[in-house]
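For reference, the structures are reproduced in the following blocks.
Here come two complexes built around chain A, the first alongside chain B, the second alongside chain C.
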Partner chain A sequence: MSFAPGDTVRVSSRAHEGHHRAPGYLKGKIGTVERVHDRFLNPETRAYGKDGEPAKRLYLVGFELGDLWPTYRGDADDRLVADVFEHWLEPAS
Partner chain B sequence: MERAVHDRGGWPTDAPVDRSEHELADWELLMDAIVGALSRSGAMNVDELRRGIESMEPAAYAAAAYYERWLFATETILAEKGLLASGELDERLSR
Partner chain C sequence: MSGYHHDHPHEPVTASDEPAVAARVRALEELLLEKGVVDRDELRQRIDWLVSRTPADGARLVARAWLDEDFKVRLLADARQAALELDVDPGPSPVVVALENTDDVHHMVVCTLCSCYPKALLGPPPDWYKSLPYRSRAVSDPRCVLREFGLTLEDDVELRVVDSTADIRYLVVPRRPAGTDDLDEEALAALVTRDAMIGVSQPLAPA
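Let's turn to the complex of A and B:
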């Protein structure tokens, strides 16, 4: 599943033992694809001595801080952007 | 969901964020150089380094400085690959 800028996505909250780059505070959260990056070697296999192929698409995803932290009391427009691999994203619209 | 010790974003705390800087000590610069050399030679990549850091016991992780985690991870990964024998560094240091 590939995504385009403007797509609404949810970060997967599936269990995953071992090294991966999806931070816990984003899991299950909904954001918007801001930018489509290149493909990069997969850190989840590269961390265990493999070559990281096939390379995985990376996206810049934006989140409302109020969605990430329910008690957030800053500006309602405040956002956080994070790089998230395609296989950690699900369609959410 | 249980979160590993390194996955800290959003952990509840009342402590203020420590923004203090310090001059890097020689051993820290050396640790950085060693990891760079190991990466360029293909002996250990950054994802392996991170996996090694993430394998630390939570209490040890919390007590360790940034480059101490790099040292732990480098020793762990190189030992795992057989590039370093278990205890080899300690044995060399005690000479």
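Let's turn to the complex of A and C:
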């Protein structure tokens, strides 16, 4: 699954045993693809001595902080952006 | 653990009041050496490289960007290439992304998962950057965290918290302070603090 800037995506809420780079506070949350980065070796397999192939596409995904935290007390336009690998993203339009 | 031999004695090289985390790091280091994952020279070279880095290199990039609009465009497009242009070592991370703070947008950087940081351009991260309170509160109550650093953002400034979760390293290009029109690159660079390039404060005001 590949995405383009502006696409609405959901961070998968599936559980994962062991090392991964999808932060728990983003799981299940809906955001917007802001940048398409390069592909990088997969840290989930590299962490266990593998070569990390195949490389995975990395995306910069933006979220509204008010969507992440129900009690968020900052400004309504405040955003959080995070790098999320392709296999943690699902289409959500 | 087949093939793992531990048949030689170890004399502790530090005092018995060694902090737990230091003991854990030393144990890990010994294991990595014994298992041949790293060798001692490589480890020493990496540590020497890391402690040799300072925020001065990042500050040079920012000062040049303030003075040279074309350079700023190149820095924002590809910070690694822009660093090489100034003979600055961009480090081992494949991609460094520079994010510009403006009158309308303010970026601050955190790594909630560990302590990802543009070490080549800023040196070793400060302890607070690696602390659990910063890592958790920067993403949940960032304006309050900024106030604790002495930075109160106007309500109409869009705050963008950047969680650096993977291979990209983020460098904030802060806003150029007022009253600096007459300063040269070196004088400008002296105003660019480490914290300003993390996005938790503004650069220093000119003397």
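Simple rule for what comes next: the second predicted complex is superposed on the first by the 93 of 93 C-alpha atoms of A that agree within 3 Å, B and C clash if a C-alpha of one lies under 4 Å from a C-alpha of the other, contacts with A are read in each partner's own complex, and residues count from 1 in each chain.
Assume a residue touches a chain if its C-beta (ideal position, glycine included) is under 8 Å from a C-beta of that chain, and two chains touch if they have at least 3 such contacts.
Please read all numbers here as calculations on a predicted model, not as lab measurements.
Undergrad: Putting chain B and chain C onto chain A via the overlay, clash or fit?
TA: Superposition check on chain A flags a clash between chain B and chain C.
Undergrad: Report for A:Lys27: first if it touches chain B alone, second if chain C alone, otherwise both or neither.
TA: A:Lys27 sits against chain B, while chain C stays out of touch.
Undergrad: Classify the contacts of A:Ala47 with the two partner chains as first (chain B alone), second (chain C alone), both, or neither.
TA: In the superposition, A:Ala47 contacts chain B only.
Undergrad: Considering only the touch criterion stated at the top, classify A:Val81 as touching first (chain B), second (chain C), both, or neither.
TA: So A:Val81 only meets chain C here.
Undergrad: Which of the two, chain B or chain C, is in touch with more residues of chain A?
TA: So, of the two partners, C touches more residues of chain A.
Undergrad: Contact-wise, after the overlay, does A:Trp69 reach chain B, chain C, both or neither (first, second, both, neither)?
TA: Both partners, chain B and chain C.
Undergrad: Scan A:Arg57 for contacts with chain B and chain C and give back first, second, both or neither.
TA: Neither: A:Arg57 stays clear of chain B and chain C.
Undergrad: With both complexes superposed on chain A, which partner does A:Ser13 reach: first (chain B), second (chain C), both or neither?
TA: The first partner, chain B, only.
Undergrad: After the overlay on chain A, which stretch of chain C ends up in the same space as chain B: 25-33, 61-69, 97-105 or 187-195?
TA: Only one listed stretch clashes with chain B, namely 25-33.
Undergrad: For chain A, give the residues common to its interface with chain B and its interface with chain C.
TA: 23, 25, 43, 68-69
Undergrad: What does chain A use to touch chain B in their complex?
TA: Touching chain B from chain A are residues 13, 15, 18-19, 23-25, 27, 43, 46-49, 52, 68-69.
Undergrad: What part of chain C is in contact with chain A in the complex they form?
TA: It is residues 94-95, 112-113, 139-144, 155, 157-168 of chain C that touch chain A.
Undergrad: Along chain B, where are the residues that touch chain A in the complex?
TA: Per the stated touch rule, the residues are 1, 3, 7, 9-10, 45, 47-48, 50-51, 54, 81.
Undergrad: Can you check the complex and tell me which residues of chain A touch chain C?
TA: Going through chain A, the ones touching chain C are 21-23, 25, 37-38, 40, 43, 58, 60, 62, 65, 68-69, 72-75, 77-85.
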